[in-house]
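Heads up, the next two complexes both have subunit A, just with different partners, subunit B and then subunit C.
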Partner chain A sequence: MRTTLARRWRLARVLLSVTLAAFIEYRAEVLIWMIAGTLPLIMMFIWMGLAANGPVGGYAAADFAAYFLLVFILRQFTVCWVVQPLSRDIRLGEMSARLMRPLDPYWMYVADHIVALAMRLPIVPPVVLLGFILTGAFVKLSLVALPLFLLALIGAWLIRFNMHYSLGLVAFWTEQATSFEGLLFTIYMVFGGALFPIGLLPPVAREIIALTPFPYMIGFPVDVMLGKLSTVELLRGFGMQLLWTVAFIGARQLAWRRGLRRYAAVGA
Partner chain B sequence: MRYVALLRIFMANSIQLELEYRANLLIDFVSSLLGFGSGLVVIYAMFSHATAIGGWSLPEAIALFGVFMIFEAFIEVFLYPNLGKLPEYVRTGNMDFMLLKPLSSQFLVSFRFFNIWRAPDAIVGSALLGYGMLQTGGLAPGSILLAAIMLLAGAVTTYAIWCMLTTTAFWWVRVSNVMELFNAFFVAGRFPVTAFPTWVRVILTFIVPIAFITTVPASAAVGRLDWPMALGSLAIAAGFLLLSHLFWRWAVANYTSASS
Partner chain C sequence: MIHVQRLTKHYEVHEKQAGFRGSLRALFHREYKAVKAVEDISFEIAPGEIVGFLGPNGAGKTTTLKMLSGLLHPTSGEVTVAGFTPKRRQREFLTTITLVMGQKQQLIWDLPAADSFLVNQAIYDIPDDVYRQRVGELTEMLGLGGLLNKQVRKLSLGERMKCELAAALLHGPKVLFLDEPTIGLDVNMQQAVRDFVAGYNERHGATVLLTSHYMADVTALCRRVMVIDSGDLIFDGDLSSLVEQTAPQKLLKLEFRVPQSEAVLRGYGELRECSELRAELRVARDRVTETAARLLNDLPIADIGIEEVPIEEIIGQVFRGRQAEREAAK
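On to the complex of A and B.
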């Protein structure tokens, strides 16, 4: 027990330090991707403008500021690009080399993404803090909810990463995996609540969207931090996060096993 | 004239190439539909709670979104397949072959490939623009012509910014995504520039002229364009195009190839 733990810890350390070295080489690219994620801030300006003369659908200007600054955090810290490299590795046969290593390739892609989050850590919080100071939206936050928010953020990451990983594995069967990613992204941005709070939609639409995984990747963690949710809503939200995480991990494992058999059969 | 003939050959060749990948057709179609749908949902969400965005009415905002879609299509059809590959050309050394051809290298790098499957976005965008015009000033030939000229100027400006961004690849060989910087600002173009706080408006007008790319053509279409902005748009297009050409020539002159 102790030795497997020690071995895992060593593996994780080596993996993360190698990945970090690779990332530092490409730090300009990482920075550009970070800057390219301005959409939540653009939406913040627009909605704050709409609410300048009074609340819009129950949201005052400061509410929109807090909402979209949190959306910005969610977008930055659940960033996921795994579909591209994963499907490329499968199509070009590079997966064979990865399979030689004494570790499920899944963890190598996980390491990539965790390092990317670490690189955002010194940049995103100061930007968001500045945003909160300039808009005076601090009062809208419920600071006691911070631990719950972090939990919801982890849940959001798990859903998103496993969803994208499952999609990337589709490359075992078709070359179109990356094209689906674009479709998924559009739905994710709208249903997730990155363009407007889902609360602004009619109740019927809200109920339908609440059944999909998307609001649990953006809107739900944001609402947790805003202290908008009752205990029942919190329980329901975390329950849905758990449900979708388990569902996508299951889908991932199924696709991995089936796909690998197919991959071996092709002889790559 | 020679360049027009070449353009036609390139286009025919690209279409032939693209026809081999017809599997993308359905997905591209659905993705156009989704882009269109999500844009309208955002507009719906806004106008179900407000009567105007930055002084723009619902039909005017729809016309503006149409213009935004036309430019998205322009970027996907012309810019990504060409300028988007420049960092790769430089990194792999293929740029050397481009320079050897008896043609303007900027022309060759800019207009070799066309991703025709994204062109339908431009048709949908035009339809939205037409709807917005019908609901406001009407489809007068004068405003159609003015809008077309402003769209063209916006396209030239967009091209020039993209060209200048990707030209940095000659120095920053490792940076393959520099054109994404344009998107950071371009996403603001689906809303009228008047909807932003003053300091953002200043950035979007004078530093990264997104206002001239989308707001100005839409203003022309719905009859709310003033002459200073129209002339400014033409001047900016000409200025940026010249600048991109000078920058390109300077970059190529200083280029020492991948092998050395």
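On to the complex of A and C.
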């Protein structure tokens, strides 16, 4: 047991450090991706402008500032591009080399994404902190909720990564996996709450959206940090995160087993 | 070490005509064609053997190798490798074998090969002392000194292939599947890879099954060859008996003291090459001695040599013969 743990720990360490070394080769690209991820900040300025002469749907300018600064954190720390490399590796047969090693290729892609988060660590928090100072939106935060926020952030990451990984595995059957990704992204941005707070919508729409996985990847963790949720709402939110995480991990494992069987049947 | 019984692999490929019209048609009506990649082949390979797998492109060599390494599931038939069923892909199986594909790579492109080695060390859980000893041995055998710390993308094709081989052997596999390991390499580098495979087999008693387009790889490494064509195993045995069985002729290489006319030489056999003082004749195997004697008697011969027809030509002949048979059957 202990040796298995030690072995896994060493594997994780080596994978992450080697992946980091590879990422450093691409540091300029990483910076460009981060700049490309500033849409939430633009949305922040738009909504702050709209709320300049009085609150919109109960949100004052400072509320919008706090909301979108947190959305920015969520977007940056749940960044996920796994569909592209995964479907490419499957279509071009690169998966074969990965399959020859006694390690589920999943972990190689996970390592890539975790390293991408680590590289954002020195940049994103200072930017957000500066945003809070400039907009004076600090008052809107509930700092006691920080541990819960971090938990919700992990939940958001797990849902998003496993959802995208499952989608990437569609490449076992069709070459069109990447075109679904665009559609998924749009739904995610709207239903997730990256363009406007879901709280602005009528209750019926909110209830429907609450049944989808999307708000748990952005809106829910943000609301946790804003201290807006009652204990019941918190429990419900974390329950839904758990549910969707389990669902997408299940979907991923099923797609992987079936996909491998097909890969093995048709050849790469 | 390797048992293959009645192994068969058929697959369906989806066919599309070229161009926009073809794409449009394929959108609504997909046409599938069954491909018989491997048809009912059986063989056994003993521990420590090096076997060459020959055949034209698309004959089923790579498909067979992929079934042996667990990447493809057989349509029917049985395979065991070192006591494992490859398609289950158990950890113990994967650490016992290795598959090297000359046209696919596992090394991380932007990093030195040493980093990829470290990843493999962790994945295969190789203890540090064993790892150091193996890297040392592979460095010596492959001449990797100085290569391991250069970015992979800055290596030449041959240098990269050496590093790929080393990465694929770090975990000390007992069975090596090598698919075109020398493809695209220059003659010296091919030689280096060949020497390495022979040396590795000798030191570790590893079983090797290799495919190659370069006959020199096979003649240098393998006493036993298997020839596959259109999914059928058409020959399995000693390289030398393949030559006797399929090449009914031998080659007479002649040098003359005085220039000879082609017309005279044609009387002795099939004339292949002829310049003034040199000629090459193909003569039926059972008449070689007699013809040589006659030539020595009749003509001013300076030198005479009797050789086997080059293996490339023999294999070529086998495949052309089978193609002709198939066409005749239609």
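The working rule: the second predicted complex is superposed on the first by the 268 of 268 C-alpha atoms of A that agree within 3 Å, B and C clash if a C-alpha of one lies under 4 Å from a C-alpha of the other, contacts with A are read in each partner's own complex, and residues count from 1 in each chain.
Going forward, a residue touches a chain if its C-beta (ideal position, glycine included) is under 8 Å from a C-beta of that chain, and two chains touch if they have at least 3 such contacts.
These numbers were taken from a predicted model, which means no experiment stands behind them.
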| item | value |
| --- | --- |
| Partner chain(s) touched by A:Val204 [first = subunit B, second = subunit C, both, neither] | neither |
| Partner chain(s) touched by A:Val139 [first = subunit B, second = subunit C, both, neither] | neither |
| Partner chain in contact with A:Val232 - subunit B first, subunit C second, else both or neither | neither |
| Touching partner for A:Arg101 - first (subunit B), second (subunit C), both, neither | second |
| Which of subunit B and subunit C A:Gly182 touches, first, second, both or neither | first |
| Subunit A residues contacted in one complex by subunit B, in the other by subunit C | 25-26 |
| Parts of subunit A lying in touch with subunit B, wherever the complex brings them together | 25-26, 28-29, 32-33, 35-39, 42, 45-50, 56-57, 175-176, 179-180, 182-183, 186-187, 189-190, 195-196, 200-201 |
| Residue ranges of subunit C touching subunit A (in the complex, touch as defined) | 11-13, 37, 63, 66, 69-73, 87, 89, 91, 94-95, 98-99, 101, 104-106, 108, 110-111, 115-116, 118-125 |
| Of subunit B, residues touching subunit A in the complex | 23-24, 27-28, 30-31, 34-35, 38, 41-42, 45-46, 48-50, 53-54, 172, 174-178, 180-181, 183-185, 187-188, 191, 195-197, 200 |
| Touch list for subunit A against partner subunit C, complex | 7, 10-11, 13-15, 18, 21-22, 25-26, 93-94, 96-103, 261, 263-268 |
